[in-house]
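Please see the structure below; I have some questions.
Order of writing sets the chain letters: A, B, C, D, E and F. Residues in each chain are counted from 1.
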Amino acid sequence: MRGLMMGRFQPFHLGHLDLVKQILKECDEIIILVTSSQFNYLEKDPFTAGERLEMIHDSLKESEVDLKKCMVLAIENQFNIATWSSYLKSMLPHFDKVYSGNDYVKMLLADAEIEVVKPSFLDRDQYNATKIRSMIVSDKNWEKFVPSSVYAFIKKIDGKHRLKIIDKSDTTPTEH
Amino acid sequence: MRGLMMGRFQPFHLGHLDLVKQILKECDEIIILVTSSQFNYLEKDPFTAGERLEMIHDSLKESEVDLKKCMVLAIENQFNIATWSSYLKSMLPHFDKVYSGNDYVKMLLADAEIEVVKPSFLDRDQYNATKIRSMIVSDKNWEKFVPSSVYAFIKKIDGKHRLKIIDKSDTTPTEH
Amino acid sequence: MRGLMMGRFQPFHLGHLDLVKQILKECDEIIILVTSSQFNYLEKDPFTAGERLEMIHDSLKESEVDLKKCMVLAIENQFNIATWSSYLKSMLPHFDKVYSGNDYVKMLLADAEIEVVKPSFLDRDQYNATKIRSMIVSDKNWEKFVPSSVYAFIKKIDGKHRLKIIDKSDTTPTEH
Amino acid sequence: MRGLMMGRFQPFHLGHLDLVKQILKECDEIIILVTSSQFNYLEKDPFTAGERLEMIHDSLKESEVDLKKCMVLAIENQFNIATWSSYLKSMLPHFDKVYSGNDYVKMLLADAEIEVVKPSFLDRDQYNATKIRSMIVSDKNWEKFVPSSVYAFIKKIDGKHRLKIIDKSDTTPTEH
Amino acid sequence: MRGLMMGRFQPFHLGHLDLVKQILKECDEIIILVTSSQFNYLEKDPFTAGERLEMIHDSLKESEVDLKKCMVLAIENQFNIATWSSYLKSMLPHFDKVYSGNDYVKMLLADAEIEVVKPSFLDRDQYNATKIRSMIVSDKNWEKFVPSSVYAFIKKIDGKHRLKIIDKSDTTPTEH
Amino acid sequence: MRGLMMGRFQPFHLGHLDLVKQILKECDEIIILVTSSQFNYLEKDPFTAGERLEMIHDSLKESEVDLKKCMVLAIENQFNIATWSSYLKSMLPHFDKVYSGNDYVKMLLADAEIEVVKPSFLDRDQYNATKIRSMIVSDKNWEKFVPSSVYAFIKKIDGKHRLKIIDKSDTTPTEH
């Protein structure tokens, strides 16, 4: 039995990690899927797919998670949403169910007869990527919401600087 | 003489059908063009191109319209707008004029020396796709604004459910 | 019951028309789907989607076919073939079966549980688009292999000139 | 020594021209790069790449600038921003430094070890493309903010009409 | 120290597995990168990215390889080759060197100052994906060239049938 | 009067330069357009757009050509050939005629009522980019077919090495 969870993971936080652990109680293996992989250096998508994969990998190593049971992958978004479930199937190893609290995801997968399970989430007001990004920018205490290796990684690449610059900017590259 | 009308038709309503009839009084044939065909399951574009084509086809059959005179087609949007009229020409059978109340469309086609005719519309505050979509979500009485087959089709695929889910969602697939 | 047939129709010939008639004996409605719609002015794809749609429409009108039962549509090719059947479903009105002699098509649709029926074809060595294109270039007698309106249309746009130029050219636009 | 400056140039104004002159004091040659070249007929991007190239070329001719030292080029935006500096390098002649006041640009180029110089700008509240576009629409006196040939060019193509139509329109081509 | 190896892995064979083991002797971690991930059901690319990821994952599990040290990822090809190394960097976790016997790869990475190491390969005439695919089609004894789980997987999905159909076909979906 | 010439310029040679001079005898200005700008490091397209622009710019400087009259630009190929002339118009400054010996180009532009002039070429068997590329690989004496600055540039970037590597390679990046 293989379960799938997905997200943009901008960044991967303790709520996400908690979900990984839940799924591994019920499934033999898990696919952790980084979505919107083609986007980066944008307000809602500051980190590259590579950076996100690395943060997740490090977080799994640091925690109690058995890496042998984990496939951490990334996928581009595409615009034809009606074909999305078939796109997932073509790009991913077989999966038996999807863990998601998103009714939109559920609707799309239902048509493809893919089972969607609604997990219980850690306090979502606290463990929330948008909130964490804004805490990083304003130097609030965000350390406790993410795995230590995510904290260390974002420090190392000076993520605060990147987020601040993106925040101030009203355009993507080019405009004077 | 072949006339062209176009729209996203999300959904096709009685104002659109009325325009079809007007055009067929002046032209031998009509092309009814579904635009933005690559988009679906989005707030402004909830129905797939296939669903829209089917609703239009059914509406024409149900009404007095002579189907032999109608070509119902779909086309993707493209980003280079300056080449749009030439794109239309490459993807469509020959057409002699375009019926549109949109000055933007008129401007783009003028450069390509395509005649644009401004039709008279049924009451556009009433017959308005945005308004109809919001009536569907809030269970208002929208039946009278669309052909019966559009009404039946949207019931059959449970369009209300889809619109509601899209409405609540703040992202396209994936985000937790 | 709605049947689907598809092809590049470069050009639409009497073998195709014969298949339309076969399908309409078994189905209430037919979708005739022009594939590779984004390609044109190429050796294997000389005619634009618009020209192909027009030739098919004219051929159906000229013959005994009931146009009310026909939807003539065009679709772009896409590169992720594993999602092709789901792409078809999103872009087309509902269809119940597909008529195709192509095992490749059958394999792809089988996974999506779409029924594929192998029709009997008119003599495929004779009624063959590649052969017809080469007869056009070399001024052989190709008139008898296509509906009269296809013949007239290709004459009108001077298709022979276009095919000859493409034939001689070893590149698409630009190269000296 | 070759310097690079870039912008959408919607339209090219005296602030841009002033920057060209500054750069030519420090560098032997300049690349003036029109970005977002694939966009046009949009609110923030009304002019085509071709029109922008022509306005810049004419402005340089009209002013004291030595055209032999100028390469005026255009480039499409792309979505994977993390690869943007390498994309620039592949599409442009070698450049030694980039003149930009944009911290976002600086951040992206820094990783590629490209030197970014912050120029001094003419009064940016005055010489500002967004403001100039809105002055054009409302018939304010915008003539003094652009080179005469930009003024003449926009008059010739009736840019005011185009901007007004785009302004009123709430969608790109198609919608009724 | 993290090493990168890449290939289309159509399919993953014992030569590839041997390389994984070599790299893990020299590096702490490995990224195994499936390239051309967007292609499938084609002569040179019969298996989907998902299938390839699954075969690799199963092969690593079956063999002596420590999965905790392995990241198995997939990436699309892109056409602008000059930006390829920067694209790799944006899509992958940090890597320190690349193992490749391909001079072309070496040339592209050299400009980005990425170290390329030429590994020794198992007999490449024997362990060769093209050859294995043709042995599958003609029912030769290919079992000994691939990990058992690759053999089992291809049997399970009836890969021979797929390869045969693709082989016979002279076009991708659509053509009659 | 502005004339347009175009080519892939892989590389720009004395035949191309001769054509520039011819055109400048008849026109006030010339656009020299590098096509297929998105391709590079391929057998028929080894040099990037940036490199080609630089070689052309250097060649014009070195020769008698008045750079003030020259616009050297680059453009991507696109697949919908029927819209090509309109794409050219959107991406280029106004041009009055096109100099091309290619009947295919002439056919495409004729429909858009663009005048095409057939220039006389320097001996095309001698001044031929394909031939020059193969001379570079095999160390023949190719110096006399290109402007000195093209020769110097290709030496500087070690173009021979690049061409040789590409030549030996049977795939684009990735394959083992």
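The rule we apply is simple: a residue touches a chain if its C-beta (ideal position, glycine included) is under 8 Å from a C-beta of that chain, and two chains touch if they have at least 3 such contacts.
As the structure is a computational prediction, the values presented were derived from the model and not from experiment.
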{"item": "Minimum number of chain-to-chain contact steps, chain A to chain F", "value": "2"}
{"item": "Degree value of the rotation bringing chain B onto chain C, based on Cα positions, nearest 5", "value": "180"}
{"item": "Centroid spacing, where centroids are CA-atom means, of chain C and chain E in whole angstrom", "value": "37"}
{"item": "Cα-centroid distance, chain A relative to chain E, in whole angstrom", "value": "26"}
{"item": "Per-residue overlap in chain B, given as positions that touch at least 2 other chains", "value": "40, 48, 80, 82, 89-90"}
{"item": "Touch-based graph of the chains, sorted into line, ring, star, complete or other", "value": "other"}
{"item": "Pairs of chains satisfying the touch condition", "value": "A-B, A-C, A-D, A-E, B-C, B-D, B-F, C-E, C-F, D-E, D-F, E-F"}
{"item": "Of all residues in chain F, those that touch chain C in their complex", "value": "6-8, 15-16, 35-36, 77, 79-82, 84, 100-105, 107-108, 121"}
{"item": "Chain E contact footprint on chain F (complex, rising order)", "value": "38-42, 48, 161-162, 165-166, 168-169, 171-176"}
{"item": "Residues of chain C touching chain A in the complex", "value": "80, 82-83, 85-87, 89-90"}
{"item": "For the chain D and chain F complex, residues of the former touching the latter", "value": "37, 40, 48-51, 53-54, 57, 61, 67-68, 71-74, 76, 89-94"}
